[in-house]
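The following blocks contain the structures, represented as structure tokens.
Okay, so chain A shows up in both of these, paired with chain B first and chain C after.
And now, the complex of A and B:
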């Protein structure tokens, strides 16, 4: 089993209703849960629904005005830029409507392995020469071109696609409708579709139409034909009903109230008249020009191909799902299933989005509009507002402590022994410039199938403000306070180092710290506090007699739900902190933030 | 009714009409004469005016979700439901090189395939909140990845199977209304959208779906009846698994419980979609098709026989399996790969009487679906059979069902009574005349065998070539058909663009959905606030595509309905 680094997930308060979901343990009685008050209900990290509401701290944003965490589910997006992830070209939003959601330049993905495709010229037909082609010094501007994948060496010639020009591949590919088939038929079909006299032929060319009946429409043509057919059907009766048409014209040119009044007084009767006209006005499509397509149920050719090509000739499910909808397909059932039917995938465009708080509409994240930059103009990440939690196993040195923690417990990622107490150090780091009061709540037993016992030794503590590191260093007589101010970074580094050493010394020196004491902080620093959590992992042994289900994935991970409540005092309105501490306390207001989080401690030995 | 019309926010609408550009891919062929239907807009939100420009069509199925803009020919994106979607955000184990999805433990927990499903129709076991969460996440993925839209409120049109249970629908609506703030959600039945997408008004929709196969008869844009059978995609994948398990050597662990899965769902599903095919109709060689109305079928049979005689399928295919105990590859003969399909959809080794109502083989299901219809409806429907659903991609399956149905029709006619005694009755020359008269009296059967019939004994009633009685409505319907005869009575399959594209057409043509749910109303009342479809202004329903006009918005009015979904 893979080692597990301890992790923390935070549940965004926006999804509080998700606690109403079922628990992960199907056998846990729902009745007693229903009795409980809402406040008492523990959040079950194993419930399938909780997967949808838990986020790592890095994914969360924070609204400064609402003083609330905002997760990706509870922000509203606005699009800053559309761009192609391959060529990093910005796409105007108007193009998006007309050209679709994919890059229309020459950016393509390999349909086999989704690697990027490059345009190379095809000197000779066989593939081996294509492999040699990339170092083409000899006349790259000649001959047909093909898209080749440098990873799996797929080329578009395998699908029968070749290009005349090395640029504008997207436009060329769009014309080559039948990817897998020869180019000739593709052209033929294109010609036929383009031919306007054929499609909109009047009744004079009846025989021509008859022959077209068994001709196959592709998706796009059928849609267009159907649309124009329906539109003509809908329009027909209206042409005779001139009164109504006039009314709707009125709506355009005259004050809107007039048309409303008209419709109030005349609407009912007019409508009825129209309705009568409408009944039976529509008929169904009768031939291909109107969009009717008879199904070709004879698939023996495809079956023969399947038999001949076998498993390797067919495209996998994921390959097929990566394919863009090909409007040139004959129809839905002919949608490709063979490797030879696959077409190069134009890159999906991506967006840069700015995020707003849905409540106060303030922007909480705004990226730089330029595609190439990764910077943000505004980015209120939750990590700089709510305390971060770091988890690390704590090995109590020697037998001085009463608990017999096994030696392996201290190694990160080691398996936890069932039914043997283990200790974890939880370090809360305060990012804000106010001291905060943290209250923790954790159920004594973890919810779910395997109930481990959890004891938070110190559920209530204060963390000092995140003051300037430098102040701290100057205050401290033992530190390297005399160091040059210009080497601030290094100083900070040293400070951290020193603190850690001091912490360790402190623990070794004072016997007090070595003991686990309820209600006491394990360790404390400038803006952080470490506390100890004791867990007794549950045994994962299954009672086979009880018809117990076997272990599922991640059932062996010890996860503790923990309710974190933070209180702090802040300036009522201002953002500047620190200058006016203590001067006018009445101007300060109390704030609090409370949320559930999940601590993944480690895997239990099975 | 006029009151409703008067209360509609018409001024707003006209403004919206002016502002809205012709749009992407609009075909304004008939130009200004195209009736411009009002678009609903609520006064509350200023942004709704712009959002009116694009209506999102969302087709939700059991295994995938398709999204796109109305007016497009095909959906822009398709999101499949799967276990990878149900992970926590920031859980990247799928991308770890040493990670292998532990499917067997999930399978042991009863989740072999259900991870890949959005919902189950049996709502007793469904966590409805989870359904909402799944839809939300899938929609979010679709919106950001494929549609590239921001989170402005937009009108949504959902294409749903009409058999969707209310609790599931309500959970889905709850989730989407609260998370995406669409002003309205309109519900469209998928079979109706399919019919529109095929360009016909009546059809028999054979939806070879994932959890079940549903045969729905649609007449003049209304769903009449649907018959269902559990023989669907899920069963096909399970039969594929059975085939693979049979071929794999047995391991000691799996012998103790016979119900255990040995191969992962993903692989079974993959193999089922890639390789499983369907044999042509075995009796088609001997089947002497007498009726000339079925001549097209005969053609199909002949060509199939010529091209691919069943007897010659002896080659074997190698199928790699990665999810077994150790990666291996299996040799399967090509014929064997047709077995899952055979077992799932036909089960022809059993007699037709041995099936329960919920597990009828598909040909029988289609036949019964047709048999139940009134004669004139049947005549129209049988020549407009639309195959759809994921399993219709199984090679040869559609043809096989079609052939078997035509065989059944040829064998039995449209006589609902079957059995030995009936056969005796027919073969008995003394009783024959009486029998014929009885059949003639039967209101559900064909009233009079047409004289041209090949079989004179009254068994084979050619419903196809019947002259239907004229009635008022029919005449009215005929009036608009510009005198071209409608094809009826022959068995014929029609290709549809698909439910999504059909819905795109419907919405693009500004036809009014019966069930349009307003966000505020829904959040206030939920599903309980809906009224029965009959209580709501029915006009829009009756006129279906042709209507709309000034009448707008059950949503804007007080009464609204969930349409077919809220029927019970």
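And now, the complex of A and C:
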């Protein structure tokens, strides 16, 4: 069984039902939070809903205006920049509208393995004369080019795609079908439609042409034809000649429902108010020009191919879903099912996004717009506002655990013995520059099928303020090993000694034989405090009762829900700057923050 | 002063704070640049001998740039990993190209890196293979066992895994500090210090 490293997940208040009825007042979530304290409700980490509200600290943001934790699920994202993950070029949003959400440079992924494709010359016979004279700078590669994958050795020649030039691959690919035949681009299609000689040819000639046209009708053409056909019908004033007017208003062939559907697809350009008033059935498309596409039900070719290539020749669902839409020239019925039908995938663009608080709409995270920079203009992460919690198993049996308890601590990831008390060291580190008061609450028994007993030995304590990073850095000589390190060691030891003397509630040293005392802090440092949590893991032995269900997955994970409440005094202001200026600037206000978190300690031995 | 007839430590510590294990294999040391405070654990191999054989521009004969592997500050090369400059045909002849690595790059045990460039704050897990001429930008996490195909570009804030490497997530805003390797640097060497709690 996989070892489990202890973890801490924090619940975002957005999943709390009491805060769902949001008001515009940013203070209201806090008021609700306070009400929660009276509540006896215990948060159950095993509830199916909890999966969606628990996050590691790194994933959480913090809104300075609402004084509340925000999670990736409740913030609203705004796209700052679109860029190609391969060439790292920014794509302006105007291009995005015309070209779609894929890179239009020569960035392609292998349709088989999604590795990156490189343009290579198809004829790469090593020319002995070139090897002999490396200074010959005349282009050694010429002739047709293909995209090749250096991971799985797929080349686009397998799909029959070759390029004349090594650049502008995207544009070239748009004109090529699998197999090397040319393909109509959108522009050509438009021109063809405009061409009156083609459009209004005599019926006999059209029949003659039809077989050829059927072939060419790809998804885009079919959609365009259908669209223009129905548009012309909608515009036709004397189309209403049906008696089923009232019934067919929501029917399949009514113009109202059609215009409604079309407005979904085309962004409202088709929405015609007059059409609403007119009712009546419409004619369906009858030929290729109108968008009729006869289903190609003859699958003998596919069956023959399947017989000769077998299952290995078919494309997997993930490969098919990776294929960009509308690029496969086949219409819906003949969607590629074989590996040989797959086309190179242009890279899907990625985005840089800024995050907004869902309640007060303030921006809480905003990256620099440039693709290559990794800086953030605004980055309010929860880690710099709420204390981080680290869990470490603590073994007391050793007796001499030295100055720092890490020395002979239990092996991390080891299984917990049922019904035998185990101790865990919970270290809270205060990131803010004020000292904070922490109050912990945990249920005496964990919720769920197997209730383990939990005792937090010191549920209330203070943590000193964080100091400036520079104080730490200046104290640190920085020199790697040798004397510098020793010096620092000594200094650290002295510091620790001082704290030890000063802290009357500090941990009792080894003279006291590591006695665990209720209400005592185990160890404290500059801006951190360690406390001990005692658990008595439940026995996972199933009772012989008939209705007992077998152990389910992760039933053996010992998770403790814990309610954390932090109080600190902050400088007033921030929210109501104007009001503060009038009053005493030194005014301090009490702040508090409370949230549920889950401590995952480990697995219980079955 | 650490070399005052002491018990020979496992690591050689340089003036710039590099900690190089005596059991590491560094080939062509004159072509390997260490930025300082870099840890090289035992059984690491760095192929500095695979130096560029053709200069990029013909007029740069005065200062032949012969760096094969350039490593920034606070990098951590775990036991058994290998850094190997990538090589390819260039104008009809085979040549190696330098491998550049930024700051705070962690390379996990038994990983093979043949990238062209690795940014700063990159975490490469255990048993990862990074193909030739891959470009890995800043703040990237590559999970254990990943195979990054040659010529791949991995943009910033990506979490990739799988064979071949596939984007599986983004590094969250609060996860940037986890890439810092200053504390890890202090925990190894001839007089290691315990990790701060």
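Points worth noting:
Just so it is clear, the second predicted complex is superposed on the first by the 399 of 606 C-alpha atoms of A that agree within 3 Å, B and C clash if a C-alpha of one lies under 4 Å from a C-alpha of the other, contacts with A are read in each partner's own complex, and residues count from 1 in each chain.
Just so it is clear, a residue touches a chain if its C-beta (ideal position, glycine included) is under 8 Å from a C-beta of that chain, and two chains touch if they have at least 3 such contacts.
Given the structure is predicted, the values throughout are model-derived calculations rather than measurements.
Once the two complexes are overlaid on the shared chain, A:113 sits against chain C while remaining clear of chain B. Of the two partner chains placed around the shared chain by superposition, neither chain B nor chain C is touched by A:66. In the superposed model, A:58 makes contact with both chain B and chain C. Between chain B and chain C, B contacts the larger number of chain A residues.
By the touch criterion defined above, A:174 lies against neither chain B nor chain C after alignment on the C-alpha atoms of chain A. Using the contact criterion defined above for the overlaid structures, shared-chain residue A:392 touches chain C, although it does not reach chain B. In the superposition on chain A, contact is made by A:553 with chain B only, not with chain C. Once the two complexes are laid over each other on the shared chain, residue contacts for A:298 go to chain B alone; chain C is not touched. Contacts of A:525 after superposition: chain C is touched, whereas chain B is not reached. Of the two partner chains, chain B is the only one touched by A:76; chain C is not. Shared contact residues on chain A (touching chain B in one structure, chain C in the other): 58-59, 72, 350.
Residues of chain A touching chain B in their complex: 2, 9, 17-18, 20-22, 48-49, 51-52, 54-56, 58-59, 72-73, 75-79, 82, 96-98, 100-101, 219-220, 222-224, 226-235, 238-239, 244-245, 248, 251-252, 256-257, 259-260, 263-264, 267-268, 270-271, 274-275, 278-286, 290-304, 306-308, 310-311, 314-317, 320-321, 325, 327, 331-333, 335, 337, 348-351, 353, 549-553, 555. Against chain A, in their complex, chain B makes its touches with residues 1-2, 5-6, 8, 10-15, 17-18, 23-24, 27-30, 33-36, 73-78, 80, 86-90, 96, 98-99, 101-102, 105-106, 108-110, 127, 129-130, 133, 136-137, 140, 144-151, 179, 197-202, 266, 269-271, 273-275, 277, 280, 300, 303-304, 307-308, 313, 315, 317-320, 334, 385-388, 392-393, 395-396, 398-399, 402, 476-482, 484, 486-487, 492-498, 501, 504-505, 508-509, 539, 543, 545-547, 549-551.
Within the complex, the chain C residues that touch chain A are 1-2, 11, 13, 17-19, 37, 54, 91-93, 131, 137-139, 147, 149-158, 164, 166-167, 172-175, 177-178, 185-186, 189-191, 193-195, 197.
For chain A in complex with chain C, the residues that touch the partner chain are 57-61, 72, 83, 85-88, 113-116, 118, 130-131, 133-137, 140, 149-152, 350, 355, 365, 371-372, 374, 376, 379, 381-383, 390, 392, 404, 406-407, 427, 478-483, 485-486, 489, 525, 528, 530.
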